[in-house]
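There are structures below to look over.
Two complexes are shown next, each including chain A; its partner changes from chain B in the first to chain C in the second.
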Partner chain A sequence: MTVACKRVNDNLIEALRGIVGDRLSTAVAVRDQHGRDETYHTPHPPDVVVFPDTTDEISRIVTLCAQREVAVIPFGTGTSLEGHIAALQGGVCIDLNRMNGVIRVNAEDMDVVVQAGVTRKQLNEHLRDTGLFFPVDPGADASLGGMAATRASGTNTVRYGTMRENVLALTVVLADGRVIQTSRRARKSAAGYDLTRLFVGSEGTLGVITEVTLRLYGIPEAISAAICTFPDLESAVDTAIRTIQTGVPVARIELLDEVQMEAINKYSNLAYPVQPTLLFEFHGNNAGVVEQAETVEAIAAEFGAAAFQWETKTEDRNRLWQARHDAYYACLALRPGCKGFSTDVCVPISRLAECINETRLDINETGLVAPIVGHVGDGNFHVIVLMDFDDAAEVARAKAFNERLVARALAMDGTCTGEHGVGHGKIEFLTAEHGDAISVMRALKMALDPFNIMNPGKIVSL
Partner chain B sequence: MTVACKRVNDNLIEALRGIVGDRLSTAVAVRDQHGRDETYHTPHPPDVVVFPDTTDEISRIVTLCAQREVAVIPFGTGTSLEGHIAALQGGVCIDLNRMNGVIRVNAEDMDVVVQAGVTRKQLNEHLRDTGLFFPVDPGADASLGGMAATRASGTNTVRYGTMRENVLALTVVLADGRVIQTSRRARKSAAGYDLTRLFVGSEGTLGVITEVTLRLYGIPEAISAAICTFPDLESAVDTAIRTIQTGVPVARIELLDEVQMEAINKYSNLAYPVQPTLLFEFHGNNAGVVEQAETVEAIAAEFGAAAFQWETKTEDRNRLWQARHDAYYACLALRPGCKGFSTDVCVPISRLAECINETRLDINETGLVAPIVGHVGDGNFHVIVLMDFDDAAEVARAKAFNERLVARALAMDGTCTGEHGVGHGKIEFLTAEHGDAISVMRALKMALDPFNIMNPGKIVSL
Partner chain C sequence: MTETLKPDTADQVLDAIKWAAGEGMPLAVRGQGSKEGFGRVVDVPHCLDLTGLSGIKAYEPSELFMTAMAATPMAEIEAALRQNNQHMAFEPPDLGRLYGGGNAKESGATIGGAIACNLAGPRRIQAGAARDHFLGFNAVSGRGEVFKSGGTVVKNVTGFDLSKLLAGSFGTLAVMTELTFKVMPAAEKTRTVLVLGADDSNAMKAMAAALGSSNEVSAAAHLPIAAAAFSNVSYVSGAGKSVTAVRVEGPGPSVEHRCRALAELLKGYGAIEELHSENSGTLWREIRDVRLLADGDNLIWRLSVPPANGGDVVARLGAEIGGRVFYDWGGGLVWLSMGARPHAGHEIIRAAVAAHGGHATLFRAAADVRAQVPVFEPQSDALRDLSVRVKQAFDPKSVLNPGRMVEGV
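And then the complex of A and B:
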């Protein structure tokens, strides 16, 4: 079954103007910007972009679209990687950037309520004087609504969890325009189905997230970061695995292979050794951080690592993590004119070394330029395949490589996507991953969005 | 709309025998035992009880029931508190006790796959030599399938989370008999809707949980428990709040008021001071546990507490927690012949003192016998109202008290149930708590169980 949406017409645009006034655009440049993500996916611009200020405005916009069976695509910062924001059937793009207010910091409860357009850096800036911070960090300065919608995670998930663990409640505009609150601020509840977790990771396909209540954490007394190089990839991965299995509560443990290190050095003007590398961050009190670091340094030494190189100053630490976050752009710069294609498998940690080793051999055999970078504490790693999109044979080779990689991860009880999500770029893998459970996802989608207007063509195709 | 189930007839019983042979009973005593929980709720026995051995048998049983529109009620240990297992429309009770095998311990990944009938104590016994344990502890030695189905939590949730955080994946028999796996063992995934969290807490209303994959934790190097008495309830609650807000990672922090302490002393033959009391447990390395305890003892002293009384030996610690877990039975013994009615609100911790104080005043005004016990680190507390069920005026007074308590918690952004769940005992509060979100829950139920055969009359009434 395909449920096709209708296109936006002048009459709808007039009605939308009645809600948002001038905060609406049909300009080609604006539409293009909202249909394009940072990847190789073909852009699909929406028919119109609106910039609402309130949940109520969004409710009225969605109600209009529902009456006319027009697609609705929520847009945060456009930093998703699997075509999440592509307007595959045209429609109305709801840009949430103007909804960037921190509604209420509940410092005593260590939580915060924000409008969905607030970005993670903006939130942490706002929290600066409270002694609290929000940890989830996918690299990009994404909007918190978008991070909730894609179940984002990132470098310090190994310690603080993903958006799944850190969203307490959501305000959501449903496909018929009604507004719900998925939960209350109590830290736990057994009061019915877990609607919060249903909308976290639903990628705009079940409703528009307009407000987010998040857990906060106390800024640790001590933070230290270290960089550690290894003779080969295997010993770096084994060090990460042993660290996790030993129960050291590392805040970050990131793997970069030698190709990635070279790219980072060039891009960020650094001079780290061009060898497989782990980046660590430790959070705790002073004694605890020292103890954690000593334990991990001893593990690394067992696997033949060089001594830790410490980044103790805040600015050095920030430079290190900025370089890590720029890994994707650094890769693109390795091969000018190419496009990047980032894989995203995640496996149980006991299988991680095997999965990375086999993948590395596979890369070598295919002759692709493809650095590896990973949140190895979670069993999650990315291969950033650099492709010349004009070379059909190379594109085919890269896609076949990714298919083998996903099959390898699934055979190890892993997932095709640890954190990037499905969008329309990974739909084809979901059946292999979920089997009959896909039919349950489809039933949920049909129950909450019977006319298939909410970000159609993502996660499940109706 | 009411969707009524059909009753079990001889023909269905014959067909069930074709699946489970002699592992089936229609004896009154067996049916009675399966329709009765540990509370004041009126028993509703099922028409027949089956004792399957495999997921496949359950799939075939549910398929039969679906064809005949007969109710299916999953049964673990019958320790739920809100009439969860009441066969309100008769039907087939599926007792999962024979499915008590630990399928696979993945020590390197710190997870385990169990059949749903394995109890938490049985699991921890099985794990004894691995250095790992499963922390979630609701008091009762409940089945892990039942704990997943009710989103159970308990005394050490403040440190380790609820079943929501600790279930990695489920095998579920759907309402039409199909079997799905909700997720894989990878620690995180962004591959579509979070079906695991949808079924955790669904109380058997969306499917039968037959296998559970759980997170495990390393047994801490050091564990110590302490008991601390306070001059009044307020100072005990304030100590708990300050402890949480200071970020001390306590493993347990339990409040018992003086009525509860007296009950425990009598029931468990102990001699603790009859005063408002906090019980603590600290997990960590040796230095960490000492540091945590010193911090908390200093906080308690500020609020006028007596010195900590330590329970360092394992057997003393076990006796302490057993006494805590027996709190409910100890209460019942306070007033022989009465029945217990346990409230379960949970509020943001900043509102906890206010909520408990107002509730205590309310108890005093109503003249009820009603000890208070609470998982105060989570903002969750229980009032165990002891009622003479033959005294209609007292029952009415108790129910009115609970209604006021729920309204008070909701006004503080709390929930009517932190951990006991909805069953049919709390359905009436859900609309006040969730508003229009209830319609989303109803839509999910209708999508996954259109004939309303899965534990009908619980969470949402169709």
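And then the complex of A and C:
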């Protein structure tokens, strides 16, 4: 069964102009830019792009689209990776980038209300003098509405959680144009079903998020960083596992495999050993970060780590972490002219070493160039497959490799996606992973969006 | 008379719900019934008793998760975790005393009930709510369909977050048969810094200062003198003053260091005392289980407000309500015990709380009071409509715990 949407016509465009004036575009370049992501997914441009300024405008836009059964695709910064923003059935793309105001910082309560188009870097810039920060840091400078919609996470999930734990409330325009606030400012919402978290991760399929209330954290008094090299992958992973089991409140643990280290050495002209490497960051007070680093140093030594190098000064820390921040560009430099495609499986950490090792063998057998980086604290790792998106055979090989990787992860009780989401690129995997839950999700989707106008064809297809 | 269905397997749960949905026969869903006093009374002729679904199914301490059948007693789970120096970090409360009268020894709470009610203790401000530790489940929806969601990994973004929806749904959407949740290493050492004699308003400031510092405070509560007097910790009950308590946990040296830093930070608010592990354990259990108010059969309200606002809400309610209060979550949670009054005083209370962007839950009251007064904060029309749609998606015939949360839903 497919529930098809109607297309945008001139009459609708006129009506939209009545709401947003000239903040609307049907230009091919603008539409193309809003229908394409950075991946190999086929672009699907929307029929028209609107740039609203307020929740009220969005409510009126969605009401119009609902009356005409035209698709609505919310758009943050378009950095999602699974064809999330593809306008599969045309329709109206709502670009939220003009809604970039920080509405209210409640320093005492450690929360903030932002418009959905504010990006994570804009928010932290705004917070600079408050002693507070927002921790969730996906690799791209994404919008907070988009991050909420994709339930994004970053490198410090182990300590601060993902968007799931850090969104306190949302203002949402529902599929019929009504506006709701999911929760009051109080932290604890015991006033009914947890609608906030139903919208977090809904990928624009249940409504348009227009405002987000986020939890903030005090900037730690002290931060220290460490890097250390391991003889093999198991010992690196075991060190990460033991660190977490011991209850060290580590802020970040990132794994870079030997191929990634070689790429970094080449890219930044460094001389790190070409071996599996862990990077750590610790947050706390002055004594605390020293203690954490020493505890981890002892654990790493037990697992045969070579020199454990740690730094507390900002410049020195930044130098250590630069390797991780540059990881993606270093990968691209391995095969100039190619683009990167990132896998996203997540497995229980006890299976992580096994899963990565098997995957590395698979990569070598398939003949791909593909470094691995991992958020080892959560069992999530990315294989960055470098390839020529125009070479159909290579794309097919990479896709087949990813299918095997997902099957491997599922067999280990893992998931096909730890942070990038489903979009339309992973719908099939979702069915393999969740089977029966799909019908529950479909029922939910139909209950909240009976005409299937909200970002149709994503997460579940009707 | 109530007829009880007592399945022993997930398949039998499925059969029972298929039957109920087919016949349009509503079911009261029950674990051990330890929290039957929480929420509205489900007055229907059939009860689905889940106590046959009990037992830990998978627990590998190094994996940091556990899978257990829905009606596994919390006591059993906690005992297994203790053997491995682990715990559930959200500090699930044991409400046996509160609901079972002063003498109840053990609550008989089950893991399914703990998650379905989404209750967390003092560590919530650091470790999150019950739902944040809930990784996945197997369940049967009100449609009579088996489904599962989530799993054992801590991070996934595979579509709608059904786990979060079921946590706190009081068995009104689906009957969970098996749950997987995170377990964490228990802290090696616990210390509590006490500040004596701060008034409510200064106590809010002291707690905010402690929570905003880099000392990784895992709980912050304020007990006005009347509540402190009920503690079994002599330092607290014997202080003769209000007691503001701030907890730190972790490895020994770090805990001591942080305690010193906190004592220094808070000394301007009153005399400082310190509790060691055992007394800390007792005090925080009393706070977690609301024992400081559990005596007698007073009405008990739970007020959720933005963290720094608890003191203002209580000041606003002040003389009008009387009663006894204490604060948890750095002032974001107010427990209020008061004598009987018409409609449990809900209008006055809800008006005061709403003025601060919070909400109020009638946590303990006689069944007839809970039938008249909304137990949970009434929702706006749009939210209520959305909740009804969610309910219909899972349970279109409304056979699972009808009216447990909201009258008519």
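Convention: the second predicted complex is superposed on the first by the 430 of 462 C-alpha atoms of A that agree within 3 Å, B and C clash if a C-alpha of one lies under 4 Å from a C-alpha of the other, contacts with A are read in each partner's own complex, and residues count from 1 in each chain.
Here is the rule we go by: contacts are C-beta pairs under 8 Å (C-beta built on N, C-alpha and C of every residue); 3 or more make two chains touch, one makes a residue touch a chain.
Small disclaimer: the values here were computed from a predicted structure and weren't measured.
Superposition model on chain A: chain B and chain C are shown in a clashing arrangement. When the shared chain is aligned, chain C comes close enough to touch A:A222, but chain B does not. In the superposed model, A:E294 lies in contact with neither chain B nor chain C. In the superposition on chain A, contact of A:E125 is made with neither chain B nor chain C.
When the two structures are aligned on the shared chain, A:D32 is found in touch with neither chain B nor chain C.
In the superposition on chain A, the residues of chain A contacting both chain B and chain C are 106, 108-111, 150-151, 153, 157, 162, 164-165, 174, 178-182, 184-195, 197-198, 200-202, 206, 218, 241, 245, 247, 285, 287-288, 291, 346-350, 378-380, 413-422, 426, 430, 433-441, 443-444, 446-448, 459-460. Against chain C, in their complex, chain A makes its touches with residues 106, 108-111, 131, 150-151, 153, 157, 161-162, 164-165, 174, 178-182, 184-195, 197-198, 200-202, 206, 218, 220-222, 241, 244-247, 249, 283-285, 287-288, 291, 295, 346-350, 375, 378-380, 413-422, 426, 430, 433-441, 443-448, 459-460. Note for the complex: chain C touches chain A at residues 60, 62-65, 118, 124-125, 128-129, 131-132, 141, 143, 145-149, 151-162, 164-165, 167-169, 173, 184-185, 187-188, 208, 211-216, 250-251, 253-254, 257-258, 261, 302, 304-309, 329, 332-333, 354, 356-359, 361, 376-377, 379-380, 382-384, 386-387, 389-394, 405-406. Within the complex formed with chain A, the chain B residues making contact are 106, 108-111, 150-153, 157, 162, 164-165, 174, 178-195, 197-198, 200-202, 206, 218, 241, 245, 247, 285, 287-288, 291, 344, 346-350, 378-380, 409-410, 413-422, 426, 429-430, 433-441, 443-444, 446-448, 459-460.
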